[in-house]
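Let me give you the structure first, and then I'll get to my questions.
So that you can tell them apart, the chains are marked A, B, C and D in the order they are listed, and the count of residues begins at 1 in each.
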Amino acid sequence: MPVLEGKELRIVGFLCNWCSYGGADTAGVGRFNQPTDLRIIKVPCSGRIDPLFVVKALMNGADGVLVSGCHPRDCHYAEGNFYARRRLEIMHKFLPILGYEPGRFEYTWVSASEGQRWQQVVTSFTEQIHKLGPAPKIVGPEASDTLSLMQAAL
Amino acid sequence: MKFQKELKDSIRKALPELDVVIGWCGSFDPLHATPHFIRREEDIDKLEIGPLSVHNLATYLPGLRSKKVGIVVKGCDSRSVIELLQEKLIDRENVTIFGFPCTGVVDQAKIKKALGHVGNVQSCDISDKSVVVVVGDQAHSLKLSEMLADKCHSCRYPDAIISDYFVGDKIGDAVPAKADYEALETFEKLSIPERFGYWLKELDRCIRCYACRNACPLCVCRDHCAAESRDPHWLSQENNVRDKLMFQVIHAYHLAGRCTECGECQRACPVDIPVLMLKQQMNKEIRDIFKYEAGVDPEATPPLLSFKMEEENITEKDW
Amino acid sequence: MAPVKYLKSTDLKSWLGELAQENRVFAPRYEGDAVIFAPFDPEQEIFIKYAATAPPKKTVFPQSEKLVDFMYSKDPEDLSRILIEAKEVLPQGTAIVFGGRPCDVRGFTMFDRVYMSEEATDIYYKARRDNTSFITLACDSTENTCFCHWVNSSPSDPTGSDILAVPVTGGLLLKAVSDRGESLLTSKLLSEGESKRDEAEKVIKEVADSLDQAPDLAQAPKKLLEVFDNIEFWEEVSAKCLSCGACTYLCPTCYCFNITDETQGMKGSRIRSWDNCMSALFTMEASGHNPRPTKAHRLKNRVGHKFSYYPDLHDGVISCCGCGRCIKSCPAGVDIREIVLKAIAFEPTVTEG
Amino acid sequence: MKIGVFVCHCGSNIEATVDTAAVAAAAREFPGVVFATDTMYTCSEPGQDEIVDAIKEHNLGGVVVASCTPRMHEQTFRRTVERAGLNKYLFEMANIREHVSWIGKDREANTNKSVDLVRMATEKLLRNRALHPKKFTINKRVLIIGGGVAGIQAALDCADGGLEVVMVEKTSTIGGKMAKLDKTFPTVDCSSCILGPRMVDVAQHPNITLYAYSEIEEIKGYVGNFEIKVKKKATYVDWKNCTGCGICMEKCPSKKATDTFNEEIGKTTAINIPFPQAIPKKAKIDPAFCTMLKKGKCGICAKVCPSGCIDYEMKDEFITEKVGAIVTATGFDLFDWTVYGEYGGGRYPDVITSLQYERMLSASGPTGGHIKRPSDGKEPKNVVFIQCVGSRDKSVGRPYCTGFCCMYTAKQAILTKDHLPQSQSYVFYMDIRATGKLYDEFTRRAMEEYDTNYIRGRVSMIYPKGDKLLVRGADTLMGTQVEVDADLVVLAVGAESSAGASELAEKLRISYDSYGFYMEGHPKLKPVETNTAGVYLAGACQGPKDIPSSVGQGSAAAAKVLGLFSKDQLESDPQVSIVDIKRCIGCGKCIQTCPFGAIKEIDFRGMVKADVIETICQGCGICTSTCPQGAVQLQHATDNQILSEVNALCQF
């Protein structure tokens, strides 16, 4: 189903199973209201997240991507989030080179007990994406298809 | 080149113990060189090194892993060899490295631009200062410094960092004419949406030949590259600019902290897409965040294959 | 005698503009530092001084094309019953390719023997081929990599073209080669060209004379088969090959393709895209076995196909047009001429016993 | 694959804000879905039966349940589909409760989002493969970390159950906090009389190996096969020969050592045995106070020791133990109350903690069971107890209720009257939390039979007045100011996680909350499990607990371990990585980054390749995101599965 026109933007979340997914559950159990834009993809560990998933999501039309894992030192797999931090950080800095505004992608750490923090993260990230508006979309096979659309938008 | 004879002598000495020595020789016109595989004594005479020795021959090493291979390297090429050694993709005992002091190589794209078109080249004379190309009975004199590859202007390693034989006098610590990444400044002035448009426009003409990948000395997956696999299925085979750009991102990311910026990807591109820039941008981040430079220390670990509990240069978002 | 017309250089864009009213017109222009065939755009300069970086192959044989759009739908009574609706996506409309070189355009005749043969027709190829006209530019200069004259062609070979354009003072002399070509020469922008005919002949002759003596390739098919099993020979000539697809994709005569289905939810497309025999996946079998495991095997196929297997099947026609792009654009400087000559010259060493 | 989709109402939990029928209708349009319905309670017996029936009727090859979080019922439904003959990994869940219906009320947006989540789940399911676990043998030994009452209980239950037990205790004696108590509520029976024999049991049990004065250095391995590196800290006394006679203590000239066992009420000797009933009853030297170790002079203890076991050269020793399960019972520590300026911030000697008071009440304590003011040794008349010091107070970052302070304060008030019949006790409290069996009756006794003056309100200030302390507070019931001239003030200090809890959690790879208490597997259903297989919790390390609860958890954890070890072999989780040997180029990057050493290099027809050791792989997938060409794939979270989820959400 397409995003609710004018109401929602497409935000993809990659959450580790042990901490952040649980944190999002805790937020749910606590009935902490959140914007509805985010869709969560559960992965075992933030170390499983290939930063290229983030690029893929954006290039396929996501307006924002949020990654969340266990706090450093608390990784269920001991080291996953340490690797993730480095990898995600360089992709975070690289996306503006490709032409995606800084802020389209963020990564953070939320533990299973931090329901309130999760609510805070989702709310402020969603606001951030709404402030940025829809991300540039690659529409047809040829560059000109997208470029003419971008021209028209300007 | 003064040390060319010395180099040939070294190769002659080493060749009996080796299956092959890779260097350069003349190619289809006087303006080009081509990789030269020396297997027999008589092949040595054809060897030519100089500003036309553009190819990074380290690219061939992983494919010849089981052989005893000699390789002639420029300073920049030696960094690729170090990187391959560091990642244990080649074995030190199987590689004999011939180094020489490199004063820079030409960028064929710049020559083509200067001449408007290359055409029928009759001769090419390169001195310390100039490149004189005769095309269709007309001589064009070009300034060598203007024809050198960008990487040569910011080169800090003119001598091979690692070698078994080094011919000629080492240049030593070179003071680069330009700072690292100066060439990126024009691009960096673009606004974010302009950058998006820039890449789409440039990548549009990509023919997906993967010369950029196959010329890269560190793209060791080659036949098993994710670009063409269905499992994982990252890219479709469709001719669309999204997948073309996505591949370049995959390439740049997989080289993050490994790329030595030899520029082979861009040189190899048959349709002249500035694909090196993505890797340079990635490397610039690696340098800023991890204070790391690839291909200088065979014992180092690439930053994305390691971590620190506390990262000095990563500031996470405060929510 | 076919009519000849003269077109002033200054009128070129206007003429193409006229043609573009009823046809899709492709012309070479700079994209970055490369010259590429692109849809005609009066805002952009056409570049016809030298051969383009990439040939106009994609105008008839696109880098990728949808063959079929398909859609799954379910029987509402029984959701496990799936209805598949497939729709052929046949190319529509007519096209004109301006500015290809004789080698580029002659390349399509290699396709024709395969895709429009008596036994089988590729409807997608045919739809474009039949509806595309070629206004080809004769070469007034050559490059070190040019060798059309080795393969029974010349810098002014009109084979496969509809109009041959020869550069003359101030413009182009346009000669209709086919009826279709003739029908394109009706514009008021064109003037009578008879007076320029001699000048054009002179240009053509001068270029032809500038080429060196072509070697005799008659033995190539046989000799290449002789070295077929000589893996050492192929390992040596392919040593510097990087196994990329630049040669193949820039080749005006390489016609191989791959077919993949790309599905998204309940719909998708069957896509045909260029493939190349330099790639390991080209011959990868489902079992994991690969009959061409190394670049030596693969380069052997590329050279062998053009200079031996294809001529054997098609009356001795070499399926190389001699444009030289594979040499010029090869990142490692692999020279197909060198390999063919080496094979012809190859004498097996006779060992006793 | 034929897929069935079940969208759960969860009563009104989901249905109230998600149109589940619409979600099911939308799901019918998805690739592969041949059956979709909404159900009232999918997890109930009829709900599960509906799934089983549908699998059989429609010949389903996979099932999606859209309901609560998979952390709640993934196991439940995996068993359900298994019951119907499907492999349990041909199942996916869409979390439309915690992640949708409970976090917003916009029915349209929620329904829309639920459809997306179901689409993702079906797209992933289409790429799921049947996975089969491998069996591996387990080491039926258990490690108990912490020798407090919870750890003791767990150790004894496991040992009695026939398991070999290794207990590691940080201090030089087991017994924990309970050993420091004089009496216990609500029975007012002697703490050491109950605990002492159990401590002796630990020492004497043939199945228990005790490492006191030791810490966990490193933990490797996984459920069934952990490898533990234990650091035995140097005691400078050879415990094999030490008889605990105490002569060294009598003769030690350095008598100013910190007495942690007695909560620093008084001092002890540099070489000491913490208390007479210590287990093991062995001496150790505190190097910070030993003249011999500090200055190389003295050596008296070595001279007087009848068994010659003093060794000034002793070094820390490392021992490796292999176990199959771990029970963590590391207890709690007391909140550092000196942050409260209004209570003097530690400046007044006669303001003490409840645990210090406990030592003072204890007959084996430094005062021999006499209540004396630390300042002048006099018996107090007015004793003021202040509750909730470091509990229920956001301003000091301790918003939680410690839970047992109300009870021990009542006990201490009663004991005060017993010890000093002329005394008067005052208790400043916020609320009385006395929810255990006989607890409320007990606090009533303190008030009614022992004349304790309970004042509902907080103390705003304590300041010295002559040799007394003036305690000023509010009586919120009377609405008046109260001032009490106190001789002694006892603070009911709350519990916090024990020092080093987070570092240990990192070694155990378990989670902890923001206060450092360990996270249980599920707050209701898995109170002693953690999310790391084979690691269990007992006692106050999970959150403040009184003795019966801690003991209960000790037994519960032991039951879990005994249950785990009731099989000879465990099944390994098949959600592990696998190498496509054809595509692996042997670069070894996966080997380099695997945190578990689960990938090894192998020779495959003369080529170097990577190979995953299935039983060691923990399924994190770092290898998969490291491998550039994706030749190593984490099963059940492959690149293609994740990409299919991305594509299900982002279709250009």
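General observations
Everything that follows uses one rule, which is that contacts are C-beta pairs under 8 Å (C-beta built on N, C-alpha and C of every residue); 3 or more make two chains touch, one makes a residue touch a chain.
Remember, predicted model here, so these are calculated numbers, not experimental data.
Interface comparison, A-B versus C-D: the higher count of C-beta contacts falls to A-B. Mean C-alpha positions place subunit A and subunit B at a centre distance of 35 Å.
Centre-to-centre, using mean CA coordinates, subunit C is 71 Å away from subunit D. Subunit B and subunit C have Cα centroids separated by 30 Å. The distance from the centre of subunit A to the centre of subunit C, with each centre set as the mean of the Cα atoms, comes to 45 Å.
With touch defined as above, residues shared between interfaces to two or more other chains in subunit B number as follows: 201, 204, 234, 238-240. For subunit D, the set of residues touching two or more other chains reads 119, 582, 593, 626, 639, 643, 647, 651. With touch defined as above, residues shared between interfaces to two or more other chains in subunit A number as follows: 56, 60, 73, 79, 83, 87, 138, 141.
Interface note: chains touch in the pairs A-B, A-D, B-C, B-D, C-D.
Contact residues of subunit C toward subunit B in the complex are 31-34, 36, 49-50, 53-54, 62-64, 141-145, 210, 236, 239-240, 242-246, 248-250, 258, 260, 262, 271, 273-274, 276, 279-281, 325, 327-329, 331-335. The touching residues of subunit D, counted against subunit B in their complex, run 580, 582-585, 587-589, 592-593, 626, 628-631, 633, 638-640, 643. On subunit C, the positions that touch subunit D within their shared complex are 72, 74, 78-80, 263-266, 288.
Chain contact summary for the complex, subunit B toward subunit D: residues 87-89, 220-221, 224-226, 229, 231-234, 254, 301, 305. Subunit D meets subunit C in the complex at residues 2, 28-31, 33-35, 58-59, 119, 582, 647-648, 651.
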